[in-house]
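Some structures are shown below for you to check.
Note that chain A is present in both complexes that follow, paired respectively with chain B and with chain C.
Coming up: the complex of A and B.
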């Protein structure tokens, strides 16, 4: 087995994941305004589709996808994450997306097996 | 952008397995113009000082232990108690202020991570996520889904609320096979 090849396959590639997640969010919430009744469905959709797309990448990773959706109302939100892992193979990326009424933040953590 | 900087910093420091990384993302709403401003700050540091290698070392392979399952499972209740403890002690009397909460999220996540590490659960990787927000008559929904091994991996979470702010803390524990 080529060492270079295995190294490429087992590191967390941020750009690829960001693109995937952006597409998922766009297709789910796209141009919608905040609607309380639909929030549950959107949340499940985003998270499930993200996970599906990530598994399709076929990398030997365990994934954790978190999604925060909030109404734009002038309030502030702070999020921090602290991780105890192997810096060479594991990684995380966060995609922030917004429109006029919704603010959405999706974080993906990938841990190598 | 911040993730690239983080990776670069980690590569420069070049120590596997004992590097902690801390990232925080913050959303602040500008009051007058209704615009939002993003600020990202990342901190990476080594736990073991005094290492003077300039030449990047090749990745150290973990030895095969021939062990399929962990000796000790992720202790959900213990970790939940830790979260409860830390959140109440740090946030009981606090009011929401942007500067304060920014520092607070980073501090709390570091503290929780240190305490969970003290539990010394072998071969487990942890991810601690803290969110602190202002209570302002708005709706917020947080959800997460994980792709992992149900039998070994688990998570624990706790939420805290006082009159002006709310905080949500989650710890994920993943077994490193």
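Coming up: the complex of A and C.
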């Protein structure tokens, strides 16, 4: 019984994290258009709120959250990541979000302690 | 007397910490080598960015940060005058963990590479 619980608590659950991040992005830039003057504030908001929500989950993990915001003007963007960790306990998830003028990509890496 | 009693390190020695200077040089060399004179080509860039991430990770492994987990993130984009912003926040142990980042630009593309080192207790 106890072992089952602790196994759940110490693996990276992608779905839960994806939901949390989607909510955060929606509430920060949900209906906005790209505005150069507001970008800094949006970035800080997204990254800090995500981190706050993740730490509230109370799991024994270290988190790294990165966020990229891109203005839509026809240019292409590619992201890749390579990780050297423990596959059984650590994981990552990336949430892509867009509206008419903004592309936003948030990546979360979770490393078990 | 148990001679081996307190040998498990829960903090890296000063010499074994994630060295930002060394890691940044690794990233810089790889980006310069692999992206010099490269044009943005939407078919090749996905494989290019993956191979950059893997090369950087392998080079950092060779340098030998003992007991560190490594995460390398590479972003490659086309230069068309658009506005881009990238930010990261981390919830970790500031004494043992650290990150480095480097940016490479030429006239058709830009590339941001970030490497994070997290100590495994």
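Everything that follows uses one rule, which is that the second predicted complex is superposed on the first by the 112 of 113 C-alpha atoms of A that agree within 3 Å, B and C clash if a C-alpha of one lies under 4 Å from a C-alpha of the other, contacts with A are read in each partner's own complex, and residues count from 1 in each chain.
By our rule, a residue touches a chain if its C-beta (ideal position, glycine included) is under 8 Å from a C-beta of that chain, and two chains touch if they have at least 3 such contacts.
Being a predicted model, the structure only gives us computed values, none of them experimental.
In the superposition on chain A, A:13 contacts neither chain B nor chain C. By the touch criterion stated above, A:96 is placed in contact with chain B alone, chain C being left untouched. When the two complexes are overlaid on their common chain A, residue A:79 makes contact with chain B and with chain C alike.
Contacts of A:88 after superposition on the shared chain: chain B is touched, whereas chain C is not. Residues 36, 39-40, 43-44, 47-48, 50-51, 54-55, 62-86, 90, 92, 107, 109, 111, 113 of chain A contact both chain B in one complex and chain C in the other.
Those residues of chain C that touch chain A in the shared complex are 40, 42, 45-46, 48-50, 52-54, 56-57, 60-61, 69-93, 97, 99, 114, 116, 118, 120-121. Those residues of chain A whose C-beta lies close enough to touch chain B in the complex are 7, 14, 36, 39-40, 43-44, 47-48, 50-51, 54-55, 62-94, 96, 98, 103, 105, 107, 109, 111, 113.
Residues of chain B that touch chain A in their complex: 3-4, 7, 10, 16-17, 19-29, 31, 34, 36, 38, 59, 96, 98, 101-102, 104-106, 108-110, 112-113, 116-117, 125-149, 153, 170, 172, 174, 176-177.
Taken in their complex, chain A has these residues touching chain C: 34, 36, 39-40, 43-44, 46-48, 50-51, 54-55, 62-86, 90, 92, 107, 109, 111, 113.
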